[in-house]
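Both complexes shown next keep chain A, but they swap its partner, so chain B is in the first and chain C is in the second.
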Partner chain A sequence: MPILLPILLALACAPLAYVAGRWRTGAAAWTGALGALVALGALVHEWTTQGPSRLVLPWAPTWGLSLEFTRDGLSGLYAALALGVGALVVLYSRAYMPHHLAEEGRPARDEVRFQGLILAFMAAMVLLVTVDDLLLLFVALDLTTIISYLLIGFDREDPESRAAALLSLVLTGATSVVFFAGAMTLGLQYGTFSLPLVIERAAHDPASTGALVCLAVGALGKSAQVPFHFWLPRAMAAPTPVSSYLHSAAMVAAGVFLLQRLYPLFAPATEVRDGLLAIGFLSMGMGSLMALVADPFKRVLAYSTIAQYGYALVLVALGSEGAPLYVAAHAPCKAALFLTVGAITQVTGKKKLSEVSGLRHSLPVLAGASAIAAAGLSAVPLTEGFFKDEVFFAALVPKGPAFMAAGLVGAGMTLAYTLRLWWGLFGGPRQDVPAAPRLLVAPVVVLAGLILLGGLVPGLLVEPARAAAEAMRGEPSTLELAYHFDARPENLLAVGAWVLGALLFATRHAWTPALSRVLEAASRVGAERGYRLLLHQLDRLSTWLHEKEVRDLRDRVASVLVPTGLLGLAVLGVTPLRDRFKVGPVGWADVTLVMALAFASAAALATLRAKGHLRLVLLISCVGFSLAMVFAFAAAPDVALTSVLVETTFTLLFAGLLALLPEDRLRRAQEEAQKPRGRDRLAAGVAGASAFLLSWSALSHLHADRVGTRTVELAEIAHSPNVVAAVLTDFRGLDTVGEMSVVVAALLGVTSLLGLKKGRR
Partner chain B sequence: MILIASLVVGLLFACGVRMVLERELVRVACGTVLITNSSVLLIVAGSFPERGEALSVRQGWPVTDPVLQSLALTAIVIGFAVSALLLTLVHRTQRAHGSLRTDRLVEAELKRVHAVEKEEGH
Partner chain C sequence: MRSFVPPLSRLLLWPSLIIALALWLKGGASVGGGFPAGAFAGLAVLLQYVTVGRDQARRYVAVRYAAPLAGVGLLLVVGTAFMPVLAGYAPMSLFPRPGQPELGAGGLHLHTALIFEGGLMLIVFGLVVTVIDRFALRTGTEEESGP
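And now, the complex of A and B:
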């Protein structure tokens, strides 16, 4: 059970914070942050004292379903990330949200809702990384999607924000459905959803490529990789704490996490991994290029996130043991930078790089802390970020010069856009702004401290990174993190990247305009445009279908009846049965029956040609009474009696209704109705033929062993000489209750509809 | 006998469909009544081969299948309730739109939809 403790603590954070917030708005953040830290403490304590373990709770054993949780390096690393960054973001929001809400013209107590959502997201994330079952993975994945929708659309008055929330919901939701399809395929292939069992069985019988591609699509959508990347920059419409949490350490990390968790399945599928590799490099290139020219600071960071998760994807695709470390080292840097730009937006009210400069004089602490975070992002030594690029280069070196060159250019661009961002904010001509609240700066400082600590004492990182790599690849990891002062390829590549980045930064004024023109032209044919086009066409299709459907009631009915009839005929055609159709004996005793049936048929045919409405009513009741006669001759007296009663009532009702309808209108309608269309005859023919053949086939194969014989015996026990009554009241009593409710509902409808006054609708 | 019963079922069904596809609401309602009748007949036709007694069953005598009878009863009653509701709806529709023709109703509905869309557009 102790394995569940961090999850339960994380789950408890949101309700506790909400309750505290009801008491005093400010208390929500402190309670939530404290809860997150306690959960983090529990996690670390249990990891250090007990090590990896698993917990299986039976859920629906007959279906082979169980709730499975794991505590291994991977889940520990990501849960610690989610909890740690979550606590800092919640504290930051305490300072950020009141101002933001005031700007939006909303009451200050809405902050409690915001904190609750952030904490709920944190819990969903912890759940996602801890579960060890394909179905639960999907459930947790969708939980994060739904909460992220609420968070991105938190400014609900703002159409831009709502549109962004919807876009992210549609994209990540749709891709997670694809993930579900992949999970189901795997579940059917291996007969279990339990991840360790699936992985164990996949060792002998590799997973199908289709299933793996489905799983990968789900992960790519979450991690905002090409071609699903465009939701992330739009999602920057969210309040900054959301961006800094969801879009650095949590939601986008979920996709790459999934790939790492499922890595043993992907390991033998080289072609899928090659595809992921290509997508990773593509996202890296596109994200970096867009980050080099974007003007709003949050967009720079969003594009940078796309690029950085591209790196992580490349590492996963190459099967590198540094993949978990990369995500873990990137998250604090990106979160700190997001928090920095949020603080700047709050004190200056500006959102674009072209509108601010020289803030280092007014915000020295923020400038220093964010410089460390920026250094971490661009992999400068003495920060933990250095090691993320080191493992990246180490994975590329064995693949040859082309890969090394791509990595070098990518890392160079990272340095260039990070420098551009930091210099754009803090460098250049001085601007004086009011000082930032301490609580806005403190989380950035804490994160910067952690980034420095990881860089100065890399030994602290080695243990969790190795454990995570071991959980990912299923074999002991030999990952080493240390500074080497020699001319190994990794070091040379790093130096090359710095030189390239510095060059790019120094010459930025020369190439920025041209690059932004090219990218703008390219965005016209990009995936986002395809998405819009698809939505537009779907919308048109739905309108067209609706108009078509409404335009003619008859076509609507026929479009149900005719295909159903054809389906019935097709079923008869494909199912082989001996003696499908039996004519059945006709004895002298059947003569009365046949006569009554003939009478019913004649009346039914005559209704088609009935001139007046009254004649129509009489013919319809004629059909009903003939059938009652059939039932009587068929030795079913109860049915016959009921039928007579019902027909009598119905005829009276119908005649009464005719009296209520204006006569001239009836006559006119009647005249127009006498012109049937050819296709109506065809539809009736198909439906009738299908009904005839299906009932003939069914009646020819009545089972000799009836339920009825058993019921007759049971009726004696029920003390009812009338077996039918016994069936209705005893054996099928629930059916009768249902029938009663239908009758009552229908009669209520009739009385209320008749009681309505004219003119009211 | 099987053939005859199923022929009548098919015939009633076809007549019902023909009427449902007509342009006038009263006849559409009548069509559904015919379809209901055909399905009740199908249920009871299952007991045609072994007709006997339903009341005061004696050992060894043939018995009409009681389960089929009770199913038919349920079907009849529900069919009646639904037809009554349908007829009332016909009446209401006529009062609301002043027409019994389905194509007129469609025009009215489309007009309303377009009006709503126009309103949303502004």
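And now, the complex of A and C:
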């Protein structure tokens, strides 16, 4: 199982780091980073020596379900990103978290938990990019959602953090449920969840638009695209290592990754791709504008992430082979910038651009490294970022001047806000601050080195980018990355973007106030407001239903019985009616049975008029005992024995329960029960009629002889002459396991409820 | 006048438990099984609670640890159901398989169904005894702190 090796290594990181952290808090980070690097090494080694392959582990073969994993260009590229950036972020957290935890007033040992969560997220991400099966894709997607909730809300004492975590959980969780709906539709349409099979069958029979839209919604939610974008800026309440990992290389990348993985399904659906294109441009424009005016550093980067994933979305929608490269080139730049602002917040204690300036004198190494990262983000030559814009422009050129203009403006704004961020931090009047710890700066330097390396030797990028593009589009890729010194449209657009960016930056004092006012006004009617309104209405609906249900005990019982009864009647209504209700013969031999049944019915009727709860309990147990008698007459001693024992226990416990209830409450319930309301009669009628008709219909269809003889034969073979025992333990054993779990759950409920009440006294 | 009921009920405990065990062991062959066995044993303990009170009844280890016993029962049930999966069988495969010879004499046959039924017995016993114990606890404290 060679494909699984990197996944297993990634999965092992979090537990290993936890164990190491129990020994020494600091050891967790080093163990985790080492584990991530080993997993990365295994991935690279396998990729270079063995090339692409797949692995199928059967899971539930009768349902055509299996666990499928793949090693192709896409999974390799994204897994390498997740593992590499993950290792650096873990090391950075070693320097960042102690300070952060001390500020939050939490014990230093909590760092181990943090590292464990980051590593667990890394493993979930590696799993997500490696699976090749729609169901597993959904499972891995939700794993990342859940862990990201824990990470974003890591500062659990901080209400803003908790709200941000909940918002991201609700949005990404809800959209991933939509993704699941899409995946199920595809699975039912093609009869399999295996992605290669689905794609193969979709070649003849294109996927339905509805399913594709569902899949796209899941991806858009994850990648924080319009209209689901607003969770991302909120999520900046998380500790900075979380932002730098989840919101550059991992979580937001997952959405675009999904679209790339599923691209062959989207390829023929032009309308869906046009929609994605529009959303991509919209996110790009909105994110860039917000990034131009935002004041907190992390918000600038968050809006920039929305914009940059908008670019990636445009590339996917255009079916460009540069889409995977774009994400891969963007992630290290963005991660490095996040790590930079985290370091600055740690040494200065400030979080806003308006509060800092001129840090280049105190933090020269950080300034240099982050300058490279910023250059990468804004696509300056000699960094790998240059090629992300080159593929972007190359994809837009064939679409015509309007697209080229939009791309130029987008790229220009990218340069403007990146310059604004970097200059705001490091330029301007000098401020002196203490030096940053070396471990805090080192990951930024490493990332900057990689960004430069990719820019200086673009040949290194070509092969992974081609492999990923091939995996995405299913056809050989001819992607070329090189510097050309001529007047081709890509180069002209790049030059135009730099000029525009520089102009925007130079004139920023002139337009910033007006733009912030416009954006402020726009945010009042934005998607976030719609989301809040929706949530508020849902909340009101649920409160209303709840109040209807719990008004009194009878309503609460009715709210269970009436829907069940209606369901039963509906089932009877839709099934064919022939021979539904038969009246069987009654002979003299059945007299004892009839007598016992008559006694049971009489007892049941008597409960209607009973006064006093104890009498009621005794009457109900009369019903039970006479049914036990019926079983005894019907030659079913096993059932009769169990009935008698259960009835006895039930009666005694019920009587004991009555002693626990307050006297006046019991009396009031009695009085109410003597005066049934109209809706009580109706509820009782529906529930009773449904139960009666269902039983009658079921008993009319008994093939008693056939089933009975066969069961007795099978019971003998199963070494259990007692047929009831054979049914319970063998034929229907799994049902019994389920029932027993319910009994244990009831036991836990009793223990906690009655124990808790006592404690409250 | 001293009632003859408490000493008699104390005498009855052990025979009842032995009958419960018998119900469990012969469940595969004739009337019985884990469920009635657990309910029967629970009723025997209930009798103790009613006649001699909670403190006296809780002298027995099985009564004090009734809830954990139910947990053990669930482990037995789930274990019997899903351990065969590890060996490549379908869930809920019992051994010996149909057609294989079985060990045993008279009404007692060694079969993994017995473990399963034992789990059922422990769960039912644990539930009944725990509920009784909680009721007794609540009514007991109410009397002490009541008006």
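Methods note: the second predicted complex is superposed on the first by the 549 of 761 C-alpha atoms of A that agree within 3 Å, B and C clash if a C-alpha of one lies under 4 Å from a C-alpha of the other, contacts with A are read in each partner's own complex, and residues count from 1 in each chain.
One rule holds for everything that comes next: a contact is a pair of C-beta atoms (placed from the backbone, for glycine too) under 8 Å apart; a residue touches a chain by one contact, two chains touch by 3 or more.
Just so it is clear, the structure is predicted and the values come from calculations on it, not from any experiment.
Which holds for A:Val623: it touches chain B only (first), chain C only (second), both, or neither?
So A:Val623 only meets chain B here.
Contacts for A:Pro637 in the overlay, against chain B (first) and chain C (second): which applies, first, second, both or neither?
It touches chain B and chain C both.
After superposing on the shared chain, does chain C or chain B touch more chain A residues?
So, of the two partners, B touches more residues of chain A.
In the overlaid three-chain picture, which partner chain does A:Leu734 touch, first (chain B) or second (chain C), both, or neither?
Second partner only.
Pick one for A:Ala684: touches chain B only (first), chain C only (second), both, or neither.
first
Could you tell me if A:Gly755 is touching chain B, chain C, both of them or neither one (first, second, both, neither)?
second
Based on the superposed arrangement, let me know which partner A:Leu652 touches: chain B (first), chain C (second), both, or neither?
In the superposition, A:Leu652 contacts chain C only.
Figure out whether A:Leu545 sits in contact with chain B (first) or chain C (second), or with both, or with neither.
Neither partner.
Would you check which partner chain A:His719 touches, where first means chain B only, second means chain C only, and both and neither mean what they say?
The answer is second: A:His719 touches chain C but not chain B.
Name the residues of chain A shared by its contacts with chain B and its contacts with chain C.
Touching chain B and chain C on chain A: residues 637-638, 642, 646, 649, 653, 657, 660, 721-722, 724, 726, 728, 736, 743, 746-747, 750, 754, 758, 761.
Please name which positions on chain A make contact with chain B in the complex.
These residues of chain A touch chain B: 547, 550-554, 557-558, 561, 581-586, 590, 593-594, 597, 600-601, 604-605, 607-608, 613, 616, 620, 623-624, 627, 630-631, 634-639, 642-643, 646, 649-650, 653-654, 657-658, 660-662, 665-666, 669-670, 672-673, 676-677, 680-681, 683-685, 687-689, 691-693, 695-696, 698-700, 702, 706-709, 711-712, 715, 721-724, 726-728, 732, 735-736, 739, 742-743, 745-747, 749-750, 753-754, 756, 758, 761.
Considering only the defined contacts, which chain B positions touch chain A in the complex?
1-15, 17-27, 30, 33-34, 37-38, 40-42, 44-49, 51-57, 63-70, 72-74, 76-78, 80-85, 87-92, 94-96, 98-103, 105-106, 109-110, 113
Can you name the residues of chain C that touch chain A in the complex?
Counting only chain C, the residues touching chain A are 27-33, 35-36, 39-40, 42-43, 46, 67, 70-71, 73-74, 77-78, 81, 91-92, 94, 96, 98-99, 102, 109, 111, 113, 116-117, 119-120, 123-124, 126-128, 130-132, 134-139, 141-142, 145.
State the interface residues of chain A toward chain C in the complex, per the touch definition above.
637-638, 641-642, 645-646, 648-649, 652-653, 656-657, 659-660, 717-722, 724-726, 728-730, 733-734, 736-737, 740-741, 743-744, 746-747, 750-751, 754-755, 757-758, 761
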